[in-house]
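Dropping the structures in below, format is structure tokens.
What follows is a pair of complexes built around chain A, which joins chain B in one and chain C in the other.
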Partner chain A sequence: MSGGPTVDGHDANGQHANGQHADGRDANEHHTDGREVDGRGVDGPVPGRRGAGAVVALAGRIVLAPAVLAVAGALVLTTLVMLAVGVDPALAYPALVRGALYDGNLEYTIAAFVPTLGMALAFAIPLRAGEFNLGGDGQMALGGVVAAALALNVTLPAGLGVLLPLVAAALTGALVAGISAPLRTRLGVPAIVTTLLVSTPAVALASYLVRFPLAEQGTGNAQTPTLPDAAHLPALAGSEYVTLGLPLIALLTAAWLLADARGVLGYEIRATGSNREFARYGGVAVNRLAAVTLAGGGAFAGLVGALIVLGPPYRFVDGALTAPGYTFTAIAAVLLATGRPVAVPFTVALLTILSAGGPGMERDAGVPSQLTQIVQGLIIVIVAVFATVRHVRRRRNARTEAGA
Partner chain B sequence: MAVSPAEPPAAELVGVSKRFGPVVANDGIDLAIAKGEIHAVVGENGAGKSTLMSILYGLHRPDAGHVARNGARIRLRSPADAISHGLGMVHQHFRLFPELTVAENVVIGAEPTRGGVLDLAAARREVERLGDLYGLRADPDARIDGLPVGIRQRVEILKALYRRAEVLILDEPTAVLTPGEATRLFDVLRTVTATGASVVLVTHKLTEVLAAGDRVTVLRRGRVTGRFDTATTTADELVMAMIGRSLGPATPRRATRPPADGPYALEVRDLRVRDRDGVPRLDGVSFGVRPGEIVGIAGVAGSGQRELLDTVTGLRGPGRGDSGEVLLSGAPVRRGRHPAVAYVPEDRRGRATSPGMSLAENLIMGDQRTPALRGRLGLSASAVRERARTLTERFSIRAASVSDPISSLSGGNAQKAVLARELSRGTPVIVVEEPTQGVDVGAQEQIHALIADARDQGQAVLLQSSELTELRALADRVLVMFEGRVVAEITGEEAGDERLGAAMTGATTGGASGTTTGGTSGAAS
Partner chain C sequence: MNIFEATFFAAVLTATAPVVLAALGGLLSSVSGVFNMALEGQLLWGAFTAVVFSYLTGSAWLGVLGGVLATVLYSAILSVSAVTFRADPVVVAVGMNLLALGLTAFLMRQVFGVGGTYTSPDLRGLPTLADLGLDVPVLGSQSPLVPVTLALVVAVALWLKRTRAGLRLRGIGQHADAAESLGLRVGVYRHGVVLAAGALCGLAGAQLALGNVTLFSEGMSAGRGWVAVVAVMLGGSRPYRVLLACLLFGAAEAFGFRLQGAGLPQQAADAAPYVITLLALVVAGAAGRRRQTVEAR
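Here is the complex of A and B:
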């Protein structure tokens, strides 16, 4: 019968999902339904909890949030590691905090916070639509190169001299990330693959451009000459390393948070990310949204590249953009935020402090700074374990229905 | 073979309880399946049938109680254990390899070998032997993907019998079958039980239970609420046990007066659609739906309903080699969801809702760009909440809070939410698929009333359902689809099981169903 394959396809799409519906939750539903059948007359929504009870519930939700549990668990495990190798945690942790926040180190930490937050948005924006952008490095590097090339070759007045490279870098990043959109929507190659694959050659191309066409003559260093003064990002008052990039990124982050929570586009992006077929059914142009979010993420990565290049030491030093590992620290931070955009700035701050405090801890307490990477790694492992447990549980519930 | 109470039951669940978190799915259930009987297990969705069968098949371990075979207690840690104890399961969604032959599918995982090599000849012989024994004839060399659903189900049963199953569990076996195929299935099951094996039939269709079962166990909210001999019970008694009250008479909600012979609100002209492999899925479908009319779509799953409805709703854009037109009030539509067509999809969790989003957010999908929901910065939170409150009240959707995820609602309430969203738009055309699937009986009545109301308000309704009773109760006309064509058009009053069933198998074409039939060209002109 020619209709054969569809029969199965239909089942898989339609009825199976319905089967999933009747999973462990179904018993729950049944419970509610029972109330419905028996307790006729109780109409309309039941009012939610209010007052003190709600505050306690909220506090409980925060304390038991996977992110909080992951950080706490990672710190406990790290402490055990410290004790096992004979390091005094009472010495190490204060040294870590000092290394990040005191003794004049705060400025460096903030200077690292800005690009990490930017890269977090580069990952988080497409993630809201269900797309993974792992190509932040390439988007950032090419953005930085374009910014440097513009600043070096086009003479512009102050103000415009900063603005134009920033915009051009954002566009470049958007373009580099945007390549993945048609590959995803037309050919079905997941963005998680293509963004990563595009990234390596993009970084290499940036490196080539910096070493040859844009290289500083006569020094032999893999870097561009110092950018003209008009292209220098102004430093904030009382600081040498913290530039205008901080308020800029803060502003853009706030705008994104608002758009995500309240905007029509934000709603459509969230709907696409949480159930693509549902969004398509509701008339959302899901393919276009995939492109928009990937390009939007790429724009942030490109912008970060420019912010680094236009900040101290005001030149593109090959490797200086990708070596600190902003991209993957940012991905870790976004994953740690577990689907709560508002939490992203905080998780970014936490992980930035961890990595920035490492050298201080090594100096003052004799603890290898790699320990901070262990903490970061543990956090990700714990978050992943939570996610896996949730996934397995859901699968098992689905199987219950499908198997019976 | 007669049921002999003196013998220990072939399979028995004793005092089985199972909780999922705070939810008690099974609460001290006793169920004994005698040798040689067909034992039906019925209950509404969520009554605990599925969990109970999962326990009997080793997919779940009970929190309390145990499983016994022939009076001896057994431990089931996995389906493999269950199979080795002679328990076999025929899943609702077949687990067959479409590229392999019948014989290969039957023996897979337990292949006969000769000198370490698969002995296909022996496999073929085995399939033929079992087929003769049980009257389950199937060509051992036929590839699964070329077989109709009824035969595929036979292969599933053969698979279980090949593994020497003495207790066969069938989960909603008739969901994908035509009435004729269902009758043949029950004949086969009789042959199986005649050899001394037992059958557990999980279903929600009471007519089947009464026709095919020997005994019935009714579950409700995780407990046994009734045990009956089918010979001495009635459908009313079963319903009473299932839902705790009796249903009102099945009132047909067909239109009181036929709609005027006016223009069509929705018209489909000579639609031809091919799938990716170039196989025709729709082969010249034409029909029209007038305002104030419900037109039903019947047919065995996979007869082209999916493609037809996806084309009508605009979710399926025209592909290569497709032709034909969809017209709304006479104007052809282009690709993409059309705002004038409301659509209640069958796949509630996959398409109609986003389970992770809140009820309020689910209730605005499709309207998110309308000015009514606009605030100063994008969507107005208060307008969104207000709409959700209005709809939950008007459609009596029971939810703790409109900001809770929609997945926390019961199936019936989630379905009412989908209907609320789509019907409240007041569009001229509504497409409804399987509106009461996975919905409890109480909510079913409400949902039928909502659809009938929409029709009475002059909306044109296209209703696809695999429940013939639903079509009979609601539809003014029923179009029967078979292999991508509309093979019969039957008015609501004349849509008996036999007429519909014959048409669904393609046994009748237009001419055979008399004067009311529009035939392949339908009502379009």
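Here is the complex of A and C:
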């Protein structure tokens, strides 16, 4: 199974191993090619295509980017679904936006951005090496349980009381995801299957631990007692729900982006994702990288579990980690970024707004919040189609030019 | 706890039938060279649409038919994007599984006005064989779709092995370009097989929602489609081996229910089928590896 086409929209055929958009096109074209997301490539007149023409060309490229087309296509199809079952889109969409951004809801949305971005890294890191991690739920739940158990049973001073559970949760997540690595490299079972198969028992184990050994006595609720004060993640100034988790995950994301773009490890991971055999030939320890990336992704999932548990309401509530569906919102966001890691925080923000607005839409317009899952599923399908279609068309053009 | 009694075997068959049907779809797709990981979503969609059509028509069999047709339509997403547009079938499948989860949960609230689980005395479930006057041991408590499932396993095995079309399908899976150069229309075969997998998943969903029980609940496929994917990995292109792998899963699920009855927590029952499936993968993978090493010498 090749991760190539999904990682950066290219076929896994070696010639793209050195990064994105290295296809042999002339310099003029290259200047605006595929840089829509970070806005570079706008500055400076393009030789032979000045002023308005260049702006139109750029605008055309932005509009026709697979990500933009996918979101637009998904929204159109979702609107059709709404009309088919008699929901008024003119009521639903404004309610969705209000539910995410207005009336003091923005704080919840920012709070939901943190776990979604973390889960996006949990999926994106292995994907760069061509491995699919669909088991984020299990890694997150066990990470959260370990963090809660540690905070409840070990008395620690203030700073360490937060740090130790976070680290332990990350290690737990790494271990849970790491199980899939030898299965992939020694037995040849794809990680997409094993991560998912491990996830269900992992969630069940976390649920069991929270309901029985760690349960709060006497209330009958499936939750742990409130964690001691030393284990509370400090909230950011002026906020109730946004904690120190936000700067932490932002920092880690920046570190990953840097390592991916500039680091040796990042280069080796990208090379493996583009063409596994080519990378192996070039001296990359591809099997070790599968383990490193899966464990790295799992570590982020475990960390997210701890960030949720150590934040308000400062306890592990059974189902509270997996119910909001962070894992699959994040997967949709990463696939929407079509191989541009820099775009991931933005696609995560977009899809977080979509899913965080769901409950508000349900309350105000009476439209079930599951609508947001429909949008996400459609986005994934459409982006997969557009990524290939664009690539095939480009290859065909290249072949025509070469033949002429 | 006696596990060697008729009711246990009946429980195994009940748990196995939907997985076998979905796995047959996965097997056909994989033989043709299309990796079909969207079984989970199609199974869920089949279960939901079968319930909807049974509710609308008041007939369980029309429910089955509606479920099958609706799931064929749903599987066209995979066939069009992966076969026509050559999109990555794995990514498309991830999207389709999520889409099915969202669509069923959304439409259930719109159509039935409830979330979580829908059931109603008006909802017609499939009769058991005993209801139809065929009170044979073990099978008597099953829906007619269970013997149909077993027959389909035999049919698929014979079709792949003994017919011209089956041979051609295997050829396409082994070397699509070579098959194309012999004049076979690779795309047509692949479209047909992916849509057939949709029909089988629709049947699986109908058996799950109208045969095993008579209700629909959110996410009721509960990983069975993924177990079917694993069964195809374990069994390769041999339908009887795939059936065996599915029976292993069914036995684990039935055993899990027994454990729950014996006082173990529900979480153990939830986890049992997946742990067993994983162990089977590891054992089979290790055995395959050893065989390769021996052959290499």
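Heads up, the rule we're going with is that the second predicted complex is superposed on the first by the 301 of 404 C-alpha atoms of A that agree within 3 Å, B and C clash if a C-alpha of one lies under 4 Å from a C-alpha of the other, contacts with A are read in each partner's own complex, and residues count from 1 in each chain.
As a convention for this text, a residue touches a chain if its C-beta (ideal position, glycine included) is under 8 Å from a C-beta of that chain, and two chains touch if they have at least 3 such contacts.
Computed from a predicted model, the values in this text were never measured in an experiment.
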Check: Where does A:G283 make contact in the superposed view: on chain B (first), on chain C (second), on both, or on neither?
Finding: first
Next item on the list: Report the partner of chain A that touches more of its residues: chain B or chain C.
Entry: B
Next item on the list: Would you check which partner chain A:A259 touches, where first means chain B only, second means chain C only, and both and neither mean what they say?
Entry: first
Margin query: One more residue to check, A:A235. First (chain B), second (chain C), both or neither?
Written below: neither
Note to self: By the touch definition at the top of the document, which applies to A:V344: first (chain B), second (chain C), both, or neither?
What the structure shows: neither
Check: Between chain B (first) and chain C (second), which, if any, makes contact with A:A271: first, second, both or neither?
Finding: first
Checklist line | Touching partner for A:L117 - first (chain B), second (chain C), both, neither | finding: neither
Check: If you lay the two complexes on top of each other, which residues of chain A touch chain B in one and chain C in the other?
Finding: 1-2, 5-6
Notebook entry, point to check: Given the complex with chain A, which residues does chain B contribute to the contact?
Noted result: 20-25, 44-54, 57, 59-60, 79, 89, 91-94, 98, 144-149, 171, 175-176, 202, 221-222, 243-245, 275, 277, 279-281, 301-304, 306-307, 315, 336-337, 339, 343, 345-357, 361, 364-366, 368-369, 375, 377-379, 381, 389, 392-393, 396, 398-403, 407-413, 434, 437-438, 440, 442-443, 483-484
Checklist line | Interface residues, chain C side, partner chain A - complex | finding: 35, 37, 77, 81, 85-88, 90-92, 94-103, 105-107, 109-111, 115, 223, 226, 229-230, 233, 265, 267-268, 270-271, 274-275, 277-278, 281-282, 285-286, 288-289
Next item on the list: Could you please specify the touching residues of chain A with respect to chain C in the complex?
Entry: 1-2, 5-6, 81, 85-87, 132, 134, 183, 186-189, 192-194, 196-198, 200-201, 204-205, 207-208, 211-212, 328, 331-332, 335, 368, 370-385, 387-389, 392
Next item on the list: Spell out the residues on chain A that touch chain B in their complex, using ranges where they run on.
Entry: 1-22, 24-38, 42-48, 258-259, 262-268, 270-271, 274-275, 277-283, 397, 399-404
